[in-house]
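I'd like to ask you about the structure that follows.
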């Protein structure tokens, strides 16, 4: 468990603070360790029913291919059949739009990923980057 | 269970009456609570084999993302890979064409969703809106 | 669609009336046609979240093997591995306790099945039998 | 979303405080709304890889049948084939040992469920009850 719970809580708090200040819609924030397993989740009031699954899919997809979900979107636009196939191959949890961001330490070591959903994909990603920054870590969006 | 059975039955009766008066094809009407679970279903004679699953997918998709299935269609036209991915992430039940309509009370609180299938998507949606209106509630189509 | 919607509604009304008079807990009643597809469902207020899936599993299991779900229970007690394997083979929807009852016409022709859940399995079955009787049809519990 | 995020966070904090004071092993705490959807999760350092899925299964199973997971264990001991079948019918997420506890308000209305895993099942349940109490709500363990 490369990303500890206190770090995950700091990331979530930072992401939510950014979203609140920016006036984003209610967010769901999912933090996974480097094995793709849940460390912490918070779904804000009014964030719809399956937002956990969507945030999980962004972060899980990012970890699956080792790139931020913004790159998965680029690939989906070029080769939709590839992303469809990988989604199936990894068990269904891969959402190829921005908001799934890899978390690295100062040496570039992979610690885990954050997946956020609720507002536009660009805003979701901005909140993830803010949260990772609040924990003193490095965000990889693509 | 935010949407009670009597309300669901009223919605179904209202939707079927609208469809009958308008001369629509045989309809299947699915009513879900705000957690996406079945409250009531009626499939009219001649409505084909898997119409329950299609109506369920419209309503379940609407609740999953917190918007009517007409908006899911718009998103599918812009980013088909996103809707494909979310369909997988939520377990397969998301049909992104009109006819999945959110049900809200007078204060805007989410009670559940109606999914209708059988005629054109626009007509399916019109029947859903009529049924929700018959129960004195507010329909959100997008 | 061998079991029409009006018949399904009559079965549901009869089953619910029996349950109400007998003081049973809140019931969920699922009616399937002879192809195992949903015709009508009603989940009473207070009947828990996944009761549709359980009632569906009773009725679907009954149709899958051509016997009431009481017989499936007998088989499960004798050969649990057989019922587990069939459950998997039919896609997961087979609940081997009483309450899944086949519906036949006066000539013995199979029309569909009713699945009820909410109280004890014996009471669930009694409500199903009452509902099928209210429609003037024949119940097969095992 | 019947159980808001602040309440979920209070439940998690209360459950973790109880576990820490009692010297329990590292815990994973999952809080679901009354539709079985994730509101908040925290997995403590050292809590193993799939603990989210186990805690989710306890809470989701409790909501599925409308009883605490301690009752699911009782049923599993009497009719293992029934619990196996229901697990399949609800999609796989049902863990029938103590630690999945329903959350009700002062009027008895169902708000959601807590699923905890990490120590013995009895200790997991005790932590859940403590967390629910910390939020001023009522725990239903069976």
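Things to note:
Should a chain be cited, it is by its letter among A, B, C and D, assigned in written order, with residues numbered from 1 in that chain.
Keep in mind that, in the parts below, contacts are C-beta pairs under 8 Å (C-beta built on N, C-alpha and C of every residue); 3 or more make two chains touch, one makes a residue touch a chain.
The chain lineup, named per UniProt: A, B, C, D = Heme-binding protein.
Being a predicted model, the structure only gives us computed values, none of them experimental.
Common neighbours of chain A (Heme-binding protein) and chain B (Heme-binding protein), by the contact definition above: D.
Interface comparison, B-D versus B-C: the higher number of contacting C-beta pairs is recorded for B-C. The angle needed to superpose chain C (Heme-binding protein) on chain D (Heme-binding protein) by their Cα atoms is 85 degrees, rounded to the nearest 5. Chain centres here are Cα means. That of chain C (Heme-binding protein) falls 30 Å from that of chain D (Heme-binding protein). Mean C-alpha positions place chain B (Heme-binding protein) and chain C (Heme-binding protein) at a centre distance of 25 Å. With centres defined as mean CA coordinates, chain D (Heme-binding protein) is found 31 Å away from chain B (Heme-binding protein). Shown for chain C (Heme-binding protein) are the residues in touch with two or more other chains, namely 47, 49-50. Viewed as a network of touching protein chains, the structure does not reduce to a path, ring, star or complete graph. Chain pairs that touch one another, listed by label: A-B, A-D, B-C, B-D, C-D.
If you check the complex, the residues on chain D (Heme-binding protein) that touch chain C (Heme-binding protein) are 34-36, 63-67, 79-82, 84-86, 88-91. Touching chain D (Heme-binding protein) in their complex are the following residues of chain A (Heme-binding protein): 1, 4-5, 8-9, 35, 37-47, 49-50, 52.
Interface residues of chain B (Heme-binding protein), counted against chain D (Heme-binding protein) in their complex, comprise 1-2, 33-37, 91.
Remark: chain C (Heme-binding protein) residues 47-50, 53-54, 56-57, 61, 73, 76-77, 80, 83-84, 87-88, 92-97 touch chain D (Heme-binding protein) in the complex.
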